[in-house]
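Here it is, the structure in full.
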Amino acid sequence: MPGSAFGTLFRVTTFGESHGLGLGAVVDGCPSGIQISEDVIQQYLDLRKPGQTKYSTPRKEADSIRILSGVFEGKTTGTPILLLAQNETQRSSDYSELALCYRPGHADYTFDKKYGFRDYRGGGRSSGRETLGRVAAGAIAAEFLKTLGIELCAYTKTIGSVCCQTDDYHTLLLAENASLSQPLLDRISAEGLQALRAKKLGSPLFMPDHAASRLAEDKLSEAMMQKNSMGGIIECIISGLPAGIGEPVFDKLDAKLAQAICSVGAVKGFELGSGFAAAASNGAENNDNFTSADGQIRKLTNHAGGILGGISDGSDLVFRAAFKPTPSIFSEQQTVTQDGTPLTLQVKGRHDPIIVPRAVAVIEAMAAITIADALLVNMGTRLEHIQKFYETKERIGSLYEHQK
Amino acid sequence: MPGSAFGTLFRVTTFGESHGLGLGAVVDGCPSGIQISEDVIQQYLDLRKPGQTKYSTPRKEADSIRILSGVFEGKTTGTPILLLAQNETQRSSDYSELALCYRPGHADYTFDKKYGFRDYRGGGRSSGRETLGRVAAGAIAAEFLKTLGIELCAYTKTIGSVCCQTDDYHTLLLAENASLSQPLLDRISAEGLQALRAKKLGSPLFMPDHAASRLAEDKLSEAMMQKNSMGGIIECIISGLPAGIGEPVFDKLDAKLAQAICSVGAVKGFELGSGFAAAASNGAENNDNFTSADGQIRKLTNHAGGILGGISDGSDLVFRAAFKPTPSIFSEQQTVTQDGTPLTLQVKGRHDPIIVPRAVAVIEAMAAITIADALLVNMGTRLEHIQKFYETKERIGSLYEHQK
Amino acid sequence: MPGSAFGTLFRVTTFGESHGLGLGAVVDGCPSGIQISEDVIQQYLDLRKPGQTKYSTPRKEADSIRILSGVFEGKTTGTPILLLAQNETQRSSDYSELALCYRPGHADYTFDKKYGFRDYRGGGRSSGRETLGRVAAGAIAAEFLKTLGIELCAYTKTIGSVCCQTDDYHTLLLAENASLSQPLLDRISAEGLQALRAKKLGSPLFMPDHAASRLAEDKLSEAMMQKNSMGGIIECIISGLPAGIGEPVFDKLDAKLAQAICSVGAVKGFELGSGFAAAASNGAENNDNFTSADGQIRKLTNHAGGILGGISDGSDLVFRAAFKPTPSIFSEQQTVTQDGTPLTLQVKGRHDPIIVPRAVAVIEAMAAITIADALLVNMGTRLEHIQKFYETKERIGSLYEHQK
Amino acid sequence: MPGSAFGTLFRVTTFGESHGLGLGAVVDGCPSGIQISEDVIQQYLDLRKPGQTKYSTPRKEADSIRILSGVFEGKTTGTPILLLAQNETQRSSDYSELALCYRPGHADYTFDKKYGFRDYRGGGRSSGRETLGRVAAGAIAAEFLKTLGIELCAYTKTIGSVCCQTDDYHTLLLAENASLSQPLLDRISAEGLQALRAKKLGSPLFMPDHAASRLAEDKLSEAMMQKNSMGGIIECIISGLPAGIGEPVFDKLDAKLAQAICSVGAVKGFELGSGFAAAASNGAENNDNFTSADGQIRKLTNHAGGILGGISDGSDLVFRAAFKPTPSIFSEQQTVTQDGTPLTLQVKGRHDPIIVPRAVAVIEAMAAITIADALLVNMGTRLEHIQKFYETKERIGSLYEHQK
């Protein structure tokens, strides 16, 4: 529990500093039999890769991950999977000035206070580069979820004050996909999710509303000229999750998601379903009434965001994460050195003017890891399921059969 | 890790159903030597006790906790502390109808899907009554924090659309306490916290802005007449926390707080410092510049909310939780029975028209537990601190001294 | 992880001091649907109850457990189960002298060094009475295992130098149950286990070899006259466990059993299968060859004790625990007070001259808890099993069915 | 908790298969400021390196570890340390036959039953080669312990029936080091430990009794000629550990050591202090009386092995581990294939005729990791220590000082 590991049964430990020799993750407790390869993981990593648009750092990073253990003949073996990216470019000189002073909005000061000193090169352990290990591990989780019919889609909802026009992803989808059958109620359809994903990938900022995306691009260009940076909100939808997942009280599915999401650097807020807006709502409006459709119990609306009492209710999971503006800005800032001497700092190097688009893959990864873990933990919940499981696995009674 | 326990070293496990024989908590890993008594715990519990104003359920609950283990001669012994409230009133008949149908906005449906059946009396395990164990355990955590100079104060920030006039608690305090010295920068003063706490206790809704409180009372009365309910936002300030607390990456102090807070029933969102507003801000505005004051490194502002890179920065911790409106409303709602048959439901019983004021004590409790745990985990961080610790405890070298 | 909890998914936390107001356990993560009652638990507790023979303390203990939560209409609900025994007799005066001095072989000194002070009444937290909570929690685990066809039987193997004549429980059983079919190979039969259990219960010392039992009784009477005490070895057999249980590397099934068993007070050693004797053996003798019988893979012998590479192999699990002699003896002993002053101590009170027979139920309980947890953790191991599980639980694909 | 990680605060996760691309460990929660280098770790690894004597496999292994993260300018930073050995020689052809059949005494069968398939090359994950990661991580733990004056020494106590002449390491030392002052009582001296370590390193089998060592070498040569293998017992002494370490009940220091030690492949038993012999002893003999020496409380004997009630008592820790004979023997054995077809197997490849000498470093490593973790967890035990810690770290009260 010393901080760099997450998950009870599907357990991810990340390691590595921005400018060290290597970074990545170990995935312990991954079920055996999942088809995985470096190529598949790379597809996930490519979504967080820098240098792809003018809104992300032109820095080239060696984001290629190698699988060093836990996979045999193309499938996971159930043993720990080491995912390693060795660092190549180590242009640390940009950072030498930072050894002694504290960048506003960064963890330099707090790492020094906690550990007595720090690897100051490129933010060291608190660099956004640490999320490479998260995305690689999340790729395995997402591939696992797919085999159970569970899909995730995160996208940029707002950048600064520019918000995707349609607040409701259902409406967005229906407007553009007339063929989608009504009523969607509390779940996006499989085609709907595909459509949403396609729209998202059509924007360099991963905003499915392309008009909003173009407006946000203008705002970003403006901010960059002013040596400033912007923040934004990412929304994530998880579809296909069966009801009953999540452990009540402290390990509620939303509580674990909140931890997972707020553990991503620069995240300042998390909300589920109607979120903060629920606080200004009233019970009659905010409650989701139950109904029956095609022999299933469903909800007429989904203000809950797919979780009731910490347990998934079979509706889509919908949550949002608020990101602060990139703290590395190129305008002058006031700060101090380790001994408290005031200093005017002008950050150098190559930095994203906005974190949000590259963080979309990270949010999906953390959500996938959280859900994968919850699915495994949930398996031991009901006696009848456990009995059926062990009967299916191997008829336990047969242990004595030969004696009869 | 099956859900009802929280914390790595200071570990709280709650147990109990709303209408079972008893409920409470076990606190394992509590340091020895903390002065604690049932009377002290009762003071914390009184803040969440129902039936004190017309805005909380008139239901009488046996909220008196007994300490059955782990305390000897008035002090914690370091062994597990059992905190037990035995239930007295068990008027379950109100709930018999609920055995078969699912209340909108409640966990009835999801518990059935997860466990196959449920203790339906009064919400069973997912009842707000479960928080009694949290508050009792949180009382011990808060008393522990006090001995280290760390104080917490949570209060109602908004009810529905009514918000405490002053968004900034510093301004609020300065306006009413002219004697408080300037500049406060990133920390409330000890007197300031006392003043804030006094203002909060002066309102039946725990709103320190009394004008706002009166307005909110009107809105609540109106909602009650309409058989409706309201939501709101609680803000919590933690002062006196040293810099360096919290473990980077997945156990960031804000991530653990997010889990702790989102594990409270009816919470739909969590934010730290500038929170969701940060998403619409820009880097130049949102970064907190460092300065030097009285030989200490301080921040000129506190948009970060007291945490940088997951580690406390010595400023006040400031976070907010959004609560949905009470789902138990007295107007008619549409729902279904276990087999999917539609049903018009009119909830009976005694229910709070708003959860927020009674939840203030719960938020403080969860924050105290999280901080207490983080302080203990942090102790093993630096070799020089560990060496000093074990030297202070007992000179290790002296083990061989008699041989000289 | 602060010490009083055990298990990852099936998680037991014990609490309580010997002479406090109450003690017991919370079981978190227990599957829903297990039939359990106070009466059933009492049957397990009766096996560790004092005062039943002249070889156990004549002390009367209020060993009756109440279930305060987590059980509804006779079945576990999946929520935490509070098992509470309130203490009645609190004759603490026997212990007043012990407040200041350290009993040899007890934890008085180490508790003082760790916590600064201690609840000295009757050993406080380190009293054998703490095991009451373990046995109550173990009863639930054992009832759960029964529903999967898994049975446990522990018994006294040696007392002092008196050992059950037959070192091999198979031979013992075959000799007395001619009807048992040959060959048993690596597993006891269901009837064999029943026979073993019956023999064990026929001895006041729980020794299935009754001649050895009578000899041991004589030795014990002798030791009691000399104000001395004796130790012994308990053997435990677990039958019906499917192959594949246990997690490799650090959570090997034998490693977790070793922790569970060595966490019982007075245990000084643990061994599995051929155990310490294996160290003096050779590979050709000690290896268990595989064979095929009735369509199953079996082992010709079971020196391994049912675990290979930390994972159950389908054979019976066989392990042993060595108990030291009761440290509370009535002859004079040399010790010191808190400040180091030498003292001649004569222990008063009522103490077992041997711990072993009463500990048999405790060993079974710890084994049952360990196995129950391992079975739940194991469920998330293989993709094909997980897919089958969630298909069985509810066809995931059907989430989209209504749209077709 | 999926099996490949150990420790609560000082947490080691190993990864890697015998013939995969790489193996090693991640150490999360290591305190910052510990001086460590690849060279220092190599010294520890050299003690388990194969091919050094004729009693270990002539196989050459690329046992060189690289540190890829968590160390900066020669010191640990407090962030996860990745220790990686990339595999070079991958002569897997020896193992192709093993893909389909199960070697007696190995984990082939159980891995197949658990995971559905396995990486069969060289034992895959269950290979002894996995311990390389443990020894590398243990090296860091041991270096940390040294800075606190805590030293470990494990050595071969028996091989087959050949036992180090002197059962008591104190006597051994005194006999050969007349200058060591009397009485040692319950602790070896610093010089004594050095002497013991020197004697151990003087034997190719790490037996400090060189006459016994020579006899054991003869027996081993004989076993090798007979295509057979041998087992043995390792004893480990930990000196300098302060009293008060270890958490009562389930995380007793001996219980965690038992888990750590029994998690090492081929270990079939664990005992502390007088161990299994205590079962045949009596209370008067086995109790260690307390005394006072040079102002300290000490024990006149150390049958307890340095732990009372799960907490260290300030005496030396003394424990033993029993190892079974190497299961890979070159004589013919009976086994079956995956489908149960009988098969006569003759193991090929290069295998140690005895595991014990190479396992000495592994036992030391696991002990060091266990003790390091226990020391960190213990820091949060007493309020007065915590207060002193945070006062020392930074005067908490001073947060408000500037306002005065």
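For clarity, chains are labelled A, B, C and D in written order, and residue numbers in each chain start from 1.
By definition in this document, a contact is a pair of C-beta atoms (placed from the backbone, for glycine too) under 8 Å apart; a residue touches a chain by one contact, two chains touch by 3 or more.
Being a predicted model, the structure only gives us computed values, none of them experimental.
Interface comparison, A-D versus A-B: the higher number of contacting C-beta pairs is recorded for A-B. Chain centres here are means of the Cα atoms, and by that rule the chain farthest away from subunit C is A.
Taking each chain's centre as the average of its CA atoms, subunit A and subunit D sit 38 Å apart. Averaging C-alpha coordinates per chain places the centre of subunit A 43 Å away from that of subunit C. Centres computed as Cα averages put subunit A at a distance of 26 Å from subunit B. In subunit D, 1-5, 8-10, 14, 29, 32-33, 78-79, 114-116, 125, 243-244, 248, 296, 314, 377, 381-382, 384 are the positions where the chain touches two or more neighbouring chains simultaneously.
Partner subunit C is touched in their complex by these residues of subunit B: 1-5, 8-11, 13-17, 20-24, 26, 28-29, 32-33, 66-70, 72, 75, 77-82, 84, 86, 114-119, 124-125.
Interface residues of subunit B, counted against subunit D in their complex, comprise 1, 8-10, 29, 31-34, 76, 78-79, 144, 147-150, 181, 187, 189-190, 239-240, 242-244, 248, 293-294, 296, 314, 375-377, 379-390, 392-394, 396-403.
Subunit A makes touch with subunit B in their complex at residues 1-6, 8, 14, 102, 104-107, 109-111, 113-116, 125-126, 130, 158, 160-161, 223, 226, 228-233, 243-252, 254-263, 265, 268-276, 278-292, 295-297, 300, 303-305, 307-314, 322-329, 331, 333-336, 340-342, 377-378, 381-382, 384.
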